[in-house]
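Each of the two complexes below includes chain A, the first together with chain B, the second together with chain C.
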Partner chain A sequence: MVEINVHEEACRGCKMCVDICPTKVFAFDEEKRLCVVEHRDDCIACLSCAYLCPSGALRHEDYHIVKNFYRDLAFCAKMEKFI
Partner chain B sequence: MSDLMTTRAALQETMTFLGAIASGIEEAIGESANSITYLAGKRLGMQLSANIRKTDDVEEALEAVHQVLLDNNCLWHFEPFKTHDRPALVQTTDSGDEDLHLVFRDCMIRQSLFRFGHHQKGSLCTMMFGFFSGALLNVMGVDSTLEILHAGENACYKRLVIHRKKGEDQ
Partner chain C sequence: MSTIPINLEWLSDCSGCHVAIVDLHEKILAVLESVTIQRCPVLTDVKDYPKAKLGLVSGAIRTEHDRHAAIEMRKSCDLIIAWGSCAVYGGIAGAGNVHSRQEIIDAVYTGNKTTGTHTPPTREVSALEPSVSPLDSVIDVDLYLPGCAPHPAFVFDALLALLEGRSPRTATGESVCARCRRKMEKSDVDRIRKNSEGVPDPDRCFLSQGYLCMGSVTLDRCMSPCPLNGIPCSGCAGATMQVLTEPNRDIRTEIAERMSRLTEIPREAIVREIERTAKTHYSYTMATPMIGEKPTFLIQKWTDEERDDYEQDHNH
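For the complex of A and B:
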């Protein structure tokens, strides 16, 4: 199951993660003016929220990382796990 | 270099090349590119699932499509996904169709698009829609639509609608 950690001191309450999440994982705490994780089980680990967050306040753990295509074959031959 | 590495390198080069072609076609002919890739995907889906076992059950059909992809060494893994606000995985819509949500993680299309920063939700993604449409037509004998709800960096979220024929038992 995906773990989502919100760094409360970094979050600026811009709600971008709330808007971008396709499965409505986040909610906005009006009192604290911060985003909170409301439905953690619904996270599909698309990581759009983490990429979008302007202050880098979101961190995911225990998720499937998609392997990228190689950049340099000679380098990747030595680091085969990246291919 | 091992044979596996050579094969992977060849596949990745091919997919990257395909991504560049698709992006170029989109600029040249606009939305018509989607029709071309949809038909190519549909043909591929029908060819690869030609001898597949028929079923009316959506979840069984998806498992069959998944098996077709595995049998053909296609890195297009997907999984059905139910969020908290959906009472069931497969739901019947007002028009009598059935819909469910799918999550796509490892996707060679996304990877090839990212390699040179091409847009997602383009003609290559439509090829996946065509593939599902063709494969499900063989398995279930009905039309289907694969709508992209969200194209993310690490996973995509899609809605599959099975268009039941009028008068057909649900």
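For the complex of A and C:
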């Protein structure tokens, strides 16, 4: 089961995840101005929300990782060295 | 207690990274209990490269001397950290790659209206390399610590982790927006504003107000001081992991994607404006192949177009 973690401190309340999710996983808490994971079961792990999130506040766990064949391999080789 | 010897070196940069060490304030005492600073251009008078466990190298490879110093540091240190955005990506000196060496020498020495002599130096000043490049184009780098300068909290965290023998916390996916407290909300703004235009609302996201801000495409290595104090992010810590890993994602398209969703400004207009001001918006990272060699990064074309437009406007 895909886990979606929202880093609430980092969420800027832009609603872009709500708009882009193809399966309507997110709701928006108007009072706190935060996105809320409302239908986790519907997540298909397309990661559109994580890519669009301006602050990088969304993290997915427990999903099947598909490696993009067009990644920049030179950078990927040193990615773990970025501190 | 025995201490760990470290060397610091300063290639082509502004000295800000070295000042960041001083900005550790009293925390530097905790670091100094465990390390002995040997070579450090701002603190010690050591001219050679003593053997050291750890070497921090700031600055880009711009001159032949930079190359020599980088190689000496690699020989003398067991572990090398590329320290600051100039060492990691080439930094703002990288804007020099839009010009030839001769153009730079002509502008600085030969044709400079504010200097008395008009001849380039032939001694003591090191010759320029053909292009500006990051540290890892010359030597192997063990760790990268981007930031301009990296906030003392990250420098302290990295040094302490290495001293205690644990791995430093690797960069997270969070951007400058993650610590900015401005409200990012949809607006009916329909044109891009210059930074000098009007007074931005201090509680609202710059993008929502039509100002170009690089927060969403910039790695958080700073604690977001600029947007928290009324200045849009200029991207000094370099691009986020998703821009660096994926050749088809880029600084301008990622900003345009988000800004066009927040405002009424068309995506294409935002992309074009960032291309028009590319020297500003790519200033910290254009010298690294990770950005500069992206197939869609055409800075020479963009700057030529901008110059043609400018000349056309001013000839009429």
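The working rule: the second predicted complex is superposed on the first by the 69 of 83 C-alpha atoms of A that agree within 3 Å, B and C clash if a C-alpha of one lies under 4 Å from a C-alpha of the other, contacts with A are read in each partner's own complex, and residues count from 1 in each chain.
Please note the rule applied: a residue touches a chain if its C-beta (ideal position, glycine included) is under 8 Å from a C-beta of that chain, and two chains touch if they have at least 3 such contacts.
These figures come from a predicted structure and were not determined experimentally.
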| item | value |
| --- | --- |
| First (chain B), second (chain C), both or neither touched by A:Arg33 | second |
| First (chain B), second (chain C), both or neither touched by A:His7 | second |
| More chain A residues in contact [chain B versus chain C] | C |
| First, second, both or neither for A:Gly56, with chain B first and chain C second | second |
| Residues on chain A lying within both footprints (that of chain B and that of chain C) | 51, 68, 70, 80, 83 |
| Touching residues (chain side chain B, partner chain A) in the complex | 1, 5, 8-9, 12, 15-16, 81, 83-85, 103, 105-107, 110-112, 114-115, 149-150, 152-157 |
| Of chain A, residues touching chain C in the complex | 7, 9-10, 12-16, 19, 33, 50-52, 54-57, 59, 68, 70-72, 74-76, 78-83 |
| Chain A-touching residues of chain C, taken from the complex the two chains share | 81, 136, 141-146, 154, 158, 168-180, 182-186, 205, 207, 215-216, 240-242, 244-248, 257-258, 261-262, 289-290 |
| Of all residues in chain A, those that touch chain B in their complex | 22-24, 39, 41-42, 44-48, 51, 63-70, 73, 77, 80, 83 |
